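Below is one structure. I have some questions about it.
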Amino acid sequence: MNNLLTIKNLYLKIKSNQNEEILKNISFNIQESEVVSLIGESGSGKSLTALSIIRLLEKSCKIVSGEIVFQNEDLLRIEEKEMRKIRKKDISMIFQEPMRSLNPVMNIRDQLKESYENKKKDDVDREIIKNLISVGIEDASRVINLYPHQLSGGMKQRVMIAMAIACKPKLLIADEPTTSLDVTIQKQVLDLLLELKDKLNMAILFITHDLAVASQISDRIVVMKNGSIVENNDRSSFFQKPKDKYSKSLLESSSYNRKFKKKFSSKEEDILNVRNLKVYYKENNSLFTKKQSFIKAVDDISFSIKPGSIHSIVGESGSGKTTIAKAIMGLTHITSGHIKILNKDIINISDPSKRNLRKFYQMIFQDPFSSLNPRMRVGNIIREGLCFLKPELSSSEINNKVLEVINNVGLNKNTLNKYPHEFSGGQRQRIAIARVLVLEPKLLVCDEPTSSLDVTVQKQVLDLLMDIQNRIQISYLFISHDIKLISNISDTISVMHKGKMVESGNTFDIINNAKNEYTRNLLKSAPQIRY
Amino acid sequence: MIKYIIKRFIYAIPILIGVNLLTFTLFFVVNSPEEVARLHLGNKRVTQEQIVQWNEERGYNNPLFYNNSEKGFNVFKETIFYEKSLKLFLFDFGISDSGRDIKYDIKQRMLPSLAIALPSLLVGLFINITFALFFVFFRSTRVDYIGVIFCVALMSISSLFYIIGGQYLISKLLHLVPISGYAQGYEAIKFLVLPVIISVVYGIGSGTRWYRSLFLEEIEKDYVKTAKSKGLSESSVLFNHVFKNALIPILTGVVVILPLLFLGSLIVESFFGIPGLGSYTIDAIQSQDFAIVRAMVFLGTILYISGLILTDISYTLVDPRVRLK
Amino acid sequence: MFTFLLTDIFFYIIFFSLIIYINYVRKTPDIRETWSYVFKNKTGIISAVVLSFFMLTALLDSIHIKDKIYNEDRNEYVYSQEINSILDIILLPISKNTEKSYSSPFSSHLYSKETVKSYNDKEKRIYPKLLHKGNHNKYLDDNIKNIFFTSLLSILKSFILVFFIYILIFREDVFKNKFIFSPLKRNSVLFSSLLIMLSIILILYDLGTQYYVLGTDKVGEDVLYKSIKSIRTGILIGTLTTIVMLPFAVFLGIFAGYIGGYVDDIIQYIYTTLNSIPSVLLIASAILMLQVYMSNNPLEFENIYERADLRLFFLCMILGLTSWTGLCRLLRGESMKLREVEYVQASQTFGLKKMSIIVRHIIPNIMHIVIITVVLDFSALVLAEAVLSYVNIGVDPTTYSWGNMINAARLEMSREPIVWWSLFSAFLFMFALVLFANLFSDVVREAFDPKASKNYE
């Protein structure tokens, strides 16, 4: 096989920071019709590498030295006009967010048409429809007239792919093309990419942070860390015997296992008991129509959690799983149903007694970057709950508790005087955990607590949560889209789909013999590392 | 769609009522009609008879809200509030304090106002967008930087200097067009050229900067990257993608002020002696003719609200994402 | 004795809140970082220096003093009706004398011919000599020499002044470490702009005592003095107006956005209603009514200064009440967004009351919008003053303001030959203030809202 693309000693700087290179000595090859996965955590420079190839870097970035040879031509040294020709013919790219990557005010036909030049209108239309069908859009003749906002996320990504392969490129650069999609859709898109690769005989540079996805699709793996390549290996040897230490830790982090499970008795009283919970949102009702229509975000859900156990709710985006968390925490109104904490109904309860209960159930949010007030010192953030929910404590007691908890989550006490922006995502999530842990809750609602973190950091935060659970009597309600992760940590699982609970039960039962079709589909689609 | 428009008109009613009450309070409650009459007649040596007579001539002699001396429905009808405020809803503007029919005046003066405002808007739009596109094409180069500084400098000059300076330079020194005045028909053009030029020049600074920032906002978006990755040239990305998206805020921004063009520009018209609604308002303010000011406030509000409704409608026409409910 | 006009008091309040805010910024690292972006930027430093000189002038012009004078009839000291500011006292060498009528900048004679009787009773039409300034030298070239050397001396003075300021600020570096010029390199933009500003001021001042640098107006008053006195009016309108509207805008905006429901409906109704009236008409109506009220109740406003001052104050109030809607709407939208942000929700799960969430979480996180709006509105308001004064609905005709100067200049421009210097001076001062305010606001906006503005590299 021939080399299609060779990157040699690429260095890149950002204009505002002249001292440090963002990309350091990047060198690797892509062969014809080969799939190379570029793996790394956020900020490792994998997207910048891709953008350097197609020369679409922001103006603030500057390539210092190196060469990118594509079919015997150094892409860094040719004229912009020549580069445009190459983009038109040989190299295409698809991006992470299909919603934002399509022009919102042009219909699909007009956007695709730009890839077909010098052809008659009827021919172009026919070509476009053929192309759309080839990426799995069956009613292409209808879709062609639609605007991007009228399509689902998966459909939009298919349109993006159609646009990219319209010129039958030799190299397709895919920058996290499935990250914003649900697992079931992700599987379809990955299958499609592989199918197209064989059909068109094109090479793919696949950028991802997800090792399982990379193992599904690639022939070779290139691992990046802090702007340099740490390992370049073919797939099977990478996954069986990674050479680099960092690669090893990535591999270890990507499949999480709870160290040991605590025993809990099923006779004890439930810590949380949800009965027939319904949360409906009114749709925009107009003045003239009497009929009210509802969006059923959560429709008749019941489950319970025993003390000291971990219960998980799993579902794709829009399944209503976060709404359940919000309903429990009192952050959204409830249409009907009961929520009992420690056998007390928290919906029809007076404010003071609810306040007494609040310290027993607390929540960790998904995004540590928006869950801490940027204008407050970390100490005050942690103290806030104590001051309001345990007013009986003296200030020295509060300070002691804060110091203890900050130690427990693995941070030092200097943290307390700093502001959130001085910390990384993982550290912030630790602060968020400290904020609720200081109240000594009995139940912690964790809404995707790790999904916005890098894999290695994910593992650390999960370790912390599991460690806490081993030390003190606490139950978790875990909310996640990641059934693989869920199955490794939880005692019981509920599967949500479109506001309804399709299946609920023991983790072992659900994973090994799911009764529901949707659950099985979810399990099947979840990417597993292919060794 | 029609349902939506009707709904919007219904929503406009409480706002109009609010504006009406506000102006009524300002003009009749803060100062009683008697005090206003005293001001007009000159403060000293005014007899009570003169005041009563002045008010009677203009219909300000009734009570504000409730007339005890009348019977039946007339207790509400024979009041200042009914006569002067509620009648505005029927576009009955009454007579001015100097005894002229306001509605007639407004009809007469709308066209000259429009004759300046509309060309200024269109020419200005064209020039500002052209400049903005030019700067965006050369973004983050020296051309762009100097252009922006130049725009800020232009913005920092009061409109009065543009008018006085323009008048002096073009009319007085160069004798190209008459300094001020107005004529009917095609003759009007020579009077209109200068005010239009000055309005356009005055708007270049802020307009260009505004459109430039609109374009720059669009150019950062991801779909631009997609378009470039298709191999499109810089100019076709700019025109086919960026421009199309930026056109939405531009167009709706224009539509919202379209109805207000009838009101004209206060200072430009008064400097150039154009008999439009702007100079009408200024004259009324300077001669303290409150009846006209009241009418203009109401008219301005109606035009503003209709501008908002037009904007919503134009959104549905240009933006495929927006559907009116 | 010090006297306090109404606007003075508000100006002090603005000044003290500025100092408190600066103190707050110094203590809070992340806001300090944002502001330090402004003061690391070249444009930011230069405009800050220029603006602070304008602010200082306005402040000096806001400390008023009544003189004690001896009343011979009653044989006692009484306070005079005349009110002077510190600035007036500083500018006394410039302003103390007036001429008969117009004279052009640096001229030694009046601008128009007058009939004078010469010694042999013959009537002659000549340009009379100015009485007080501009006549130090007989010949024109000597005048030019004089102007040149006076300016040179002033520049020298400002060099010395800046040097002392420099030593004062960096005394530790200079005396202990003996690196006299190393801090200068780091702060070269600051000190060179300081030097230029001081030079300009001193040149104007030194020449102003000997010449009518910007000419005289119809009644022979020094135009330079008038322009400097107008600074206070411009700055007051630019700042007081926003201060007046801030509480309304902030609280109503937050309540509407955060609490929602009926509160939101009512507040939205209020500001849409106010917003629907074209602002010029609303301002005109309010000012007209104020005029009626003032002319019908002349007894309440005895002193001519207090009367003019009150009118200025009300103008600010009215401008503020018509312009709060924009900020209110912005803050409503931002509060609505913040209501859904996770740290606000986290506090809700602690059971915090709505008011404490607003104080602890919402207000600190919308402050950047308030700051951007305040600096952005400033220049627009200064420009608005001129237009309103032109339409006769601005400040009192006796108040020094650029608007009034332009208004008067309209007639001067149609004279033959034209009198251009009043207009020119108003233009110069206003342009300087508004230009640097605009540049400053650009930098501030960039610092506080990096995504929204990309005007400079």
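As written, the chains take the letters A, B and C, and residue 1 is the first residue of each chain.
Keep in mind that, in the parts below, a residue touches a chain if its C-beta (ideal position, glycine included) is under 8 Å from a C-beta of that chain, and two chains touch if they have at least 3 such contacts.
Here the structure is a predicted model, which means the values were calculated and not measured.
Student: More C-beta contacts across A-B or across B-C?
Tutor: B-C is joined by more C-beta pairs in contact.
Student: With centres defined as the mean of C-alpha atoms, identify the chain lying farthest from subunit B.
Tutor: For subunit B, the chain whose C-alpha mean is farthest off is A.
Student: With chain centres defined as C-alpha means, what is the inter-centre distance between subunit A and subunit C in Å?
Tutor: Chain centroid spacing, subunit A to subunit C, equals 52 Å.
Student: Could you tell me the distance, in whole angstrom, between the mean C-alpha positions of subunit A and subunit B?
Tutor: Here the centre of subunit B sits 50 Å away from the centre of subunit A.
Student: Just curious, how far off is subunit C from subunit B if you go by their C-alpha centres, in Å?
Tutor: Between these chains, centre-to-centre, one finds 28 Å.
Student: Can you tell me which residues of subunit B touch two or more of the remaining chains?
Tutor: As it turns out, subunit B has residues touching two or more other chains at 140.
Student: Which of the residues in subunit A end up touching subunit B in this complex?
Tutor: The contact residues of subunit A facing subunit B are 54, 56, 59, 84-89, 92-93, 95, 97, 100-107, 114-115, 147, 149, 160, 163-164, 167, 284, 286-288.
Student: If we count contacts the way the header does, which residues on subunit B are in touch with subunit A in the complex?
Tutor: Per the touch definition, subunit B meets subunit A at residues 3, 7, 10, 140, 221-223, 225-233, 240-241, 244-245, 248, 318-321, 325.
Student: Could you list, by residue number, the parts of subunit C that touch subunit B in their complex?
Tutor: Subunit C reaches subunit B through residues 269-270, 272-278, 280-282, 284-286, 288-289, 291-293, 295-296, 298, 379, 383, 386-387, 390-393, 402, 406, 409-410, 413, 418, 423, 427, 430-431, 434-435, 437-439, 442, 453-457.
Student: Which residues of subunit C touch subunit A once you look at their complex with the stated criterion?
Tutor: For subunit C paired with subunit A, touching residues are 28-30, 341-343, 345-352, 360-361, 364-365.
Student: With touch defined as at the start, can you tell me which subunit B residues reach subunit C in the complex?
Tutor: Listed in rising order, the residues are 14-15, 18-19, 22-23, 26-27, 30-31, 35-36, 38-39, 43, 140, 145, 148, 152-153, 155-161, 164, 168, 209, 213, 216, 260, 263, 266-267, 281-282, 285-286, 288, 290, 293-294, 296-297, 300-301, 304-305.
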